[in-house]
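Here chain A shows up in two complexes: once beside chain B, once beside chain C.
Let's turn to the complex of A and B:
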């Protein structure tokens, strides 16, 4: 699929959706309108009691156990004008990630490394609460957590992003777009980032000296002559919500409303923890934190293997892959035209 | 414990060949379709005049009543009529009334004078309010479309432990009763507004309390499994646009028994279950 076309019936014209370059300049992009019935966030006392007892008995409202994820669908290479992209659907949560590689100046403290920049956009498509500046706070929180998660030498091999030390390096701009919000944003975003980084193709550069002694950078013209990133050590985030005395993985909005505190853990494929954050207004005692960390490590470790397998499988399908794109979301068909 | 990851596939609409022929007789239109160029008709809801031609403005069925043409949309917010039973969530508390969210264009209103407490007392605005989910009946419709609800009879009132499933109102079949005690062990209330409430079948003593005594005791595991399975079945039927009434829900429940509860929401299992339900329903009719 060359460009993602989005039909906007109210204006009657077709426009390119999710132009990743323009996301950072905050131009208004026409996203795909999705009409689903949003899970209610308010819960009554009786519902809370029901959910609590369910979690205690390891049978959640939708029949899952406390450590089960919802159905996840992953697709890469959806947006053609990025260097790598991925879309992850986890239950009703929809996340789109695009990675663009640009040449920039390395940071003064580490002249022989490139770096990553994260930006999360909570679009009003996800929920009406994100209209205007409503989604900015959540977007900032998500971006800051991502910076913390990737702030170490092992997640991404930053030295491979260097072109000429002290002068040029690759800067990877990772843009995350929230299309639909149904709980568990961190997990979906981290899986999407890992898939997008796996899919990223950075063009190879040749540095040549011209007459005056200045360096000239040449990008190779061949689209297949590119460098791929090693994403083995990229961590995945696991969010654990404390509901009653037990904790659950991949909480829906309803379960989130019944919990007072959550723990966000980022885990690599070896089980190493790179970042731990506590969110929520309630308190967690140290024993709970220990238990939740252990569960998080176990669950996080188990996420990586199937993900890498799936990404390899998708890559090996090559041109035979059936591209789905945004076709599985329901478009609003009826628009009132009354004068 | 393992996460189920997969590549996405284009989901096909599950339909039997017999149902397609039923659609041929109906007049389906999309926004912009010209219904008729005849100027003798009056235009009703869902239509507008575009250069002397009657055009549809919503996607739905065309209804002709004598000289009136209107288009009834397939997917819409809940438009209540007097006598509908709805399940709503109390969102706001005002001086003499409660605002109830019922998936309609405006919040519905539940006047405190229309609420019955056990013993015949009335509720005043200063009493502690239970924010909860209630089962009510539509008393009247205001001019702007907001609904006025009441819970006058003992059948209606505050709902206790259970699960709320939100679906499209056009999928709920209008029937005589909306409360069903399913033989599988749970009870279901199909509100006309698309909100469906699943709860464990109450024992004998709870019925006399009139629904104001909420039991906070833990529900047994077997009841819980039945309710979770029913919830997933309802979501599967809703995703494939099957009309919901007690028989269809029951057939779907039976078709889903060979699968694990959490597997029901996987796309291929959903398709299989809905196919079997549709076949059983066709056999029932013909």
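Let's turn to the complex of A and C:
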């Protein structure tokens, strides 16, 4: 089956002509329609070749370079019942993170530290495949990776979460909800967690001893008297997909279907690597892994500074901030006009 | 979660005595600086000597047993069997199902029979490490089950599970591109400990050693194809340390390769019918 692909690469608008039956389709398809909002897509051989050739020339289907992210929107303080929350939209991937701080017993091995608990829920809103127990596997994989990413002494200052050593400590329950799935879940989740932890306000506690020697914990009455976390060292995850001989950052579902293996690398703002993991059913050359690690480190490091700036800017706006919420304003208008 | 009604657990505020045993063991291990507890060297590719044997379990299609220091694992392979789910993807290539479990008596603390999230994570890593090595396209509409049971956990369990599983697959006659070997390393500051024991993997978190570069790394490698099929790292490392660690693990895998090859050829000769002449 020989297909002659003539590519007209103008920004965003690509048309492909196949010599078999002269199929002309617009916008990154090649006879096979790419269904959005699905956990997996089917790609034809010709489409794979198209994507591979593009990546080789550093031009992806939607016009990005190999190391460019899609348009990312971050908003914090979305959910009022949580101690901290954030929503990140990366292309069509939507992730909502809520952080709740509760008082619990510290772990026996480390009595003077608090800890974090992660839970990722793949909502059935994202794709019908996640209905019932379907999303559990993916959710478990994501949670386990998050545990590994945060399993070191520097990401979060756990000692600041301790109230009284051996007895009480703050446990931060970080719950991640996947609302829409369009590839690159790890990156969106890690950025959302960083934003949510930045936004988290833990109430200050005061321990008083009563007559019998028992300890009483008092929360301060002022709702604005709270402790903030230092999220400078919280790492961000970068997913690199191996497509052909090169690797791409922030792959869409279509590009992921053309790759055999990906590398997940979590990088702090200083450039230290806290977790590396290879996912996918293919194997990688050691040299590729070294190249991908270097790219991942560079991209990850460059992600932190603008993110912190943005978060601090949003915080400084205070009450004047315009809340966007979950829906786009244009969509609200359209719904209200429906008969 | 079903509770164990046969054991008397003691009052709510009581703590397990093994916790205190743990802390004293950790203090002992930090005393030595150059030599490791079992006589191996830091900073050198000194893997534990392994004992491997194939074909133990008569019921399974293929099986293997590996012993490295005190880490003991057993693996059996069943298949290729007809797959229950008739997905479109199953029509073209086979499916590999891995399951890794810890026996309750394998670790210091008694584990439970219910698979925890750690075990599920290890099973997933095992699957990702083995899949590139097996020629699944030769087994359409079938599934191959790989079950690993850890009998005693004394460190680098995932690495040895990968080696054991690929040996069991070879013993079962499943077509593979290459053997998959695993090796793990524990990075501590400037030096590394290859093939760490359980105490070395966990104990040094409590010790106030160097603050930089504390982490562990597991690599699954295909030696004759020079491909890495599995990679997992933990803790905090610089990029150069990570690269160096991967290269060291690859060296460790090469050291293990001749032993595994020898064990496999012995197993094949044992299975083969005696020659006429």
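In this section, the second predicted complex is superposed on the first by the 288 of 339 C-alpha atoms of A that agree within 3 Å, B and C clash if a C-alpha of one lies under 4 Å from a C-alpha of the other, contacts with A are read in each partner's own complex, and residues count from 1 in each chain.
In this text, a contact is a pair of C-beta atoms (placed from the backbone, for glycine too) under 8 Å apart; a residue touches a chain by one contact, two chains touch by 3 or more.
Predicted, not measured: the structure shown is a model, and the values here were computed from it.
Asks: Which partner, chain B or chain C, is in contact with more residues of chain A?
Replies: B
Asks: Could you say whether A:297 touches chain B, chain C, both of them, or neither, answering first, second, both or neither?
Replies: A:297 contacts chain C only, not chain B.
Asks: So, A:111: does it touch chain B (first), chain C (second), both, or neither?
Replies: neither
Asks: In the overlaid three-chain picture, which partner chain does A:134 touch, first (chain B) or second (chain C), both, or neither?
Replies: neither
Asks: A:313 contacts which: chain B (first), chain C (second), both, neither?
Replies: A:313: touches chain B, not chain C.
Asks: Could you tell me if A:203 is touching chain B, chain C, both of them or neither one (first, second, both, neither)?
Replies: A:203: touches no partner chain.
Asks: Please indicate which partner A:73 is in contact with in the superposed arrangement: first for chain B, second for chain C, both, or neither.
Replies: first
Asks: Would you sort A:278 into first (chain B), second (chain C), both or neither based on which partner it touches?
Replies: second
Asks: What is the shared patch of chain A, the residues that chain B and chain C both contact?
Replies: none
Asks: Can you name the residues of chain A that touch chain C in the complex?
Replies: Touch list, chain A to chain C: 108-109, 140-141, 143-144, 148, 151-154, 263, 268, 271-286, 289-290, 293-294, 297.
Asks: Residue numbers of chain C touching chain A in their complex, please.
Replies: Touching chain A from chain C are residues 15-16, 19, 22, 117-118, 120-121, 124, 128, 131-133, 206, 211, 214-215, 217, 222, 225-239, 242-243, 246-247, 250.
Asks: Which of the residues in chain A come into contact with chain B in the complex?
Replies: Going through chain A, the ones touching chain B are 9, 35, 37, 39-40, 42, 44-47, 49-50, 53-54, 56-57, 59-65, 67-75, 89, 298-299, 302-303, 306-307, 310, 313-314, 321-322, 324, 327-328, 333-339.
Asks: Which stretch or stretches of chain B touch chain A in the complex?
Replies: Where chain B meets chain A, its residues are 1-11, 30-32, 48, 55, 57-60, 73, 75, 89, 91, 103, 130-133, 159-164, 166-168, 194, 214, 216, 218-219, 221, 224-225, 228-229, 231-232, 260-262, 264-267.
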